[in-house]
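In what comes next, subunit A is part of two complexes: it sits with subunit B in the first one and with subunit C in the second one.
Take a look at the complex of A and B:
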């Protein structure tokens, strides 16, 4: 419905000021902590109440802190590996859920749904139990395994919902023209899913990068990704360095999001351009 | 050769799904089954959990001093979910029906805090609510003495609401957007007062969105432990904290396993109640699956444009 048609609605004559008031209040409460984190990461003193001068002290401390930087790198490494692996596994799983035989797709759907609704504390503690029973020392790869099991389900759901809307006629046409089934999949279906795959991979990256609970249960002594370092900082006392770390994480996620958004726009434009030339 | 639609060749697609299914089975299903087994297990002389057949772990969970965290988890989750609904519905309704161009912007602002790390957000609330923190100080300037909030159950509820509110707003926004405006206008044409139209038309028609939102908010809250750990006091531990203690501190993994089973039982109970209340069960599942998680990602371009 267009904006013009909406404003014609008789009910809209009265301004819903109560709704606006609640919305403004809720948004203010939602954004207040974010503002506090950003502001006080720039404070020159360690106080969280009095803001003295703008300074980069805490960022300096953060980046001179060798372990902190390595934590950031470990988190990024885990997120990239987990995102790529779960993008592959989740996309394939989505095809099974959407197009597989009855038994197969019911099982896959059931597992993915269960994974989405089960609190992470339960799944992560369970994985911890399995790993210790198998006498596997917790390390970098056990974290990756935990994250892959988490992100695969989300990728599968996102890809599946897009896949269900794709018309299969083009695929059959490709097959009539001599493509094998997997060839048709690669040449016809995957290009239509491109934007969705980018979004799903990104979702997986952000989920893994920010994940605390699963990381907490699957990380060994030697590996400390950023959320775990922040956790131990919080446990052993309040330091404004946490604010700076939070802003750095926010910036990383924001950069990745923006880059991908731009990437999607460019890919779409190109696709449009190409169709025009083809015609 | 042309393959026929539906049915034939399903084997290929099932085969493609195998690696993903295997990963989920290995890292998700098998561990949960193992937890079920070990919840009846015992601790051997070396302090390691071994398979057994005792109910002691469940007895430990349901001992009177352990029962309170269970009940408290249910209470905190219920209260926080209701608060999320009361705060979230108006925001979602406004964004979907009145805000026109501001709608996507409101949603973007709701999702924005999610980009800040979960623990850092809890830390921000900790410093905001602390006795000498920003909020009490600001209130003191206005001549109001703020009550001590940090280390009480109220702080935990605030933290839970803050942490999960966006998950309530997104499905309700979707439900209200799909509601034809004519239906509401018809209610008004029939001389329904605003509250009557809301309770008899709008709310029932968006019920599945509401239930989906409640589930998305309530299920992760049931297992949350960092919020209670950093914002609550000794009298606000939740089941997640107990699981954490049993598994990572000097606890017993078999009691921890029984606690995980109890958490899953709470989850099943919550799901069952929601299913009973839903108008269309299948749709409820779809709502949940779609709004799955923080999805600033679903439409990055739109979000970027809105900001």
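Take a look at the complex of A and C:
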């Protein structure tokens, strides 16, 4: 390639490695902590800094650590319930936001936005004070309630943005062809939202599973969800068992993601092309 | 529809509309954007409730019957196909709502897809089809239910010209074949003229005229209709004592019935279609003509279109079709006389647009009687 040809191309085309270098650097910055966690979970000695040999000791410890496993389970339970509840409520809210008429939707939009931008510590503390005032003992369900309050807003925003792109005429067409108003929604709008609903549900699951702040303010004296347990472990001396727990959490989210993706594919395959015609 | 009106906020979108469509006919509602044709269609479909008046289907009042229970189907402008369903599922949708038996669904869906030439693509998804094919799916999906009335909301707007022409012919054939009454809404007057058995012309919420294509074209009831359909020359003039004197020099004598409702000094407009004006040499004596000069000549292949400048500075468009023999084209700058038959001259009040009937005799020049 001649020097002239090389200098003709735009900046990044002349030195493509620059773009790659930056990408790798940013990805490394984001994923390095995760990589370190995974690496040291396999450490044979009790150090988070010096790596000795590869060993599965800490995983063994984790699986024999009763309280740790209970916490994992509790977190998962809370996440599933919160995800489903906030998916339902958030979707209903999204419809209200999109179609509530000028007055309704402005208010709804404003309030959801407010919920999203308010710092979680503030909302969590406020929730705690409310529960105390109402003389409600903090327990499993108060955690779920706190999570649902948080996740619904996210679900609503995600579903609403997809909803606004859906052609309203398809609903009218469904009604024109004999479906009642709700039937039209179920048969025509919800299928178009399927992918978004799955994504929103997953988002809610992850938000709940991983949540610390709201959980801290709404958890009672029973079994602690995983993030709280790890936090308390961190204060009393930490072993790579924590790393193992982190890797297990990661694995759980990966499993949920894969299962959902597979589920969507299977459902989609079954729903299409059921009408046959006579030739 | 009898006396139907619809208001949005304080504005009338549709005012006192009376329309009657016969079974099995192709009826068009024609008008510019915002004239109320879509609102009228939505009221027929049941999506909007009229504020005043009645809508009757087969003799029964249907004002309060919602769309899903009305025996009317719609083809929407955006087609509104269900993207997550196959073509066959889309078409079967209405039949499934009515709980028709599977065997019957299979047969009817197959039949209608044959009518619209889409059997081969029965299991494709809408996204895989071309615009023209999607439009045909929308049509099949509505027609398979054999409704009393099919409403079409400017369905050919998104197609290119050639495809549009093709679909116009196909739609006409399908309507004849299936025998369902079509109500077709459009702003394209050529489309309405070629496809319809009858046309209703609307503007600003009102129906201005209802008639067959030739009635609308030859005998427009008012100025708006005359100017909206095809091209026309509008020559302004003033009325005095039974004669309308046009600014370009000619004058028109009104018939003796005196029903024109004109008073002295009223402004009027004489309208003549370009193909009805004849060019004549000014040397040949005649009792009736308007003098002018050829300003422009445009070769159209099937004829020549002339712009003729008249004495008041206004121009008239004259279309000279080429007949079987050779017609020599008239060069620019030639002095000519414009002549037309009395019957071909349409007279209207300039302000109200109302038609003035009963013209007598031929065109006179102002100079001599």
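Annotations
Please note the rule applied: the second predicted complex is superposed on the first by the 240 of 279 C-alpha atoms of A that agree within 3 Å, B and C clash if a C-alpha of one lies under 4 Å from a C-alpha of the other, contacts with A are read in each partner's own complex, and residues count from 1 in each chain.
Basically, contacts are C-beta pairs under 8 Å (C-beta built on N, C-alpha and C of every residue); 3 or more make two chains touch, one makes a residue touch a chain.
Here the structure is a predicted model, which means the values were calculated and not measured.
Of the two partner chains placed around the shared chain by superposition, subunit B is the only one that A:207 touches, whereas subunit C remains out of contact.
Comparing subunit B with subunit C, the partner in contact with more residues of subunit A is B. When both complexes are overlaid on chain A, the residue A:138 reaches neither subunit B nor subunit C.
Of the two partner chains, subunit C is the only one touched by A:188; subunit B is not.
After overlaying the two complexes on the shared chain, residue contacts for A:163 are found with neither subunit B nor subunit C.
Legend: residue contacts after superposition of the two complexes on their common chain; A:176 is shown touching both subunit B and subunit C. Annotation: subunit A residues 172, 175-176 touch subunit B in one complex and subunit C in the other.
Across the complex, subunit A meets subunit B through its residues 1, 3, 6, 9-12, 16, 18-20, 22-23, 26-27, 29-34, 36-37, 40, 48-49, 88-90, 92-93, 95-102, 104-105, 107-108, 111-123, 125-130, 132-133, 145-146, 148-149, 152-154, 156-158, 161, 168, 172, 175-176, 181-182, 199-200, 202-203, 206-207, 210, 212-213, 216-217, 226-227, 230-231, 234, 238, 242-243, 245-246, 249-250, 253-254, 257-258, 260-262, 264-265. Residues 167, 169-170, 172-180, 183, 187-188, 191-192, 194, 271-279 of subunit A are the ones that touch subunit C when the two sit in their complex. Subunit B meets subunit A in the complex at residues 1-3, 5, 9-21, 23-32, 34-35, 38, 49, 87-88, 90-91, 93-95, 98, 100-101, 106, 109-110, 112-113, 115-128, 130, 132-134, 137, 162, 165, 181, 184-185, 188, 215, 219-220, 222-226, 230, 240, 243-244, 247-248, 253, 256-257, 260, 263-264, 267, 271, 285, 288-290, 292-301, 303-304. Across the complex, subunit C meets subunit A through its residues 45-47, 66-69, 72-74, 76-78, 80-86, 88-89, 91-94, 97-98, 105-107, 109-110, 113, 119, 122-123, 125, 141-142, 145.
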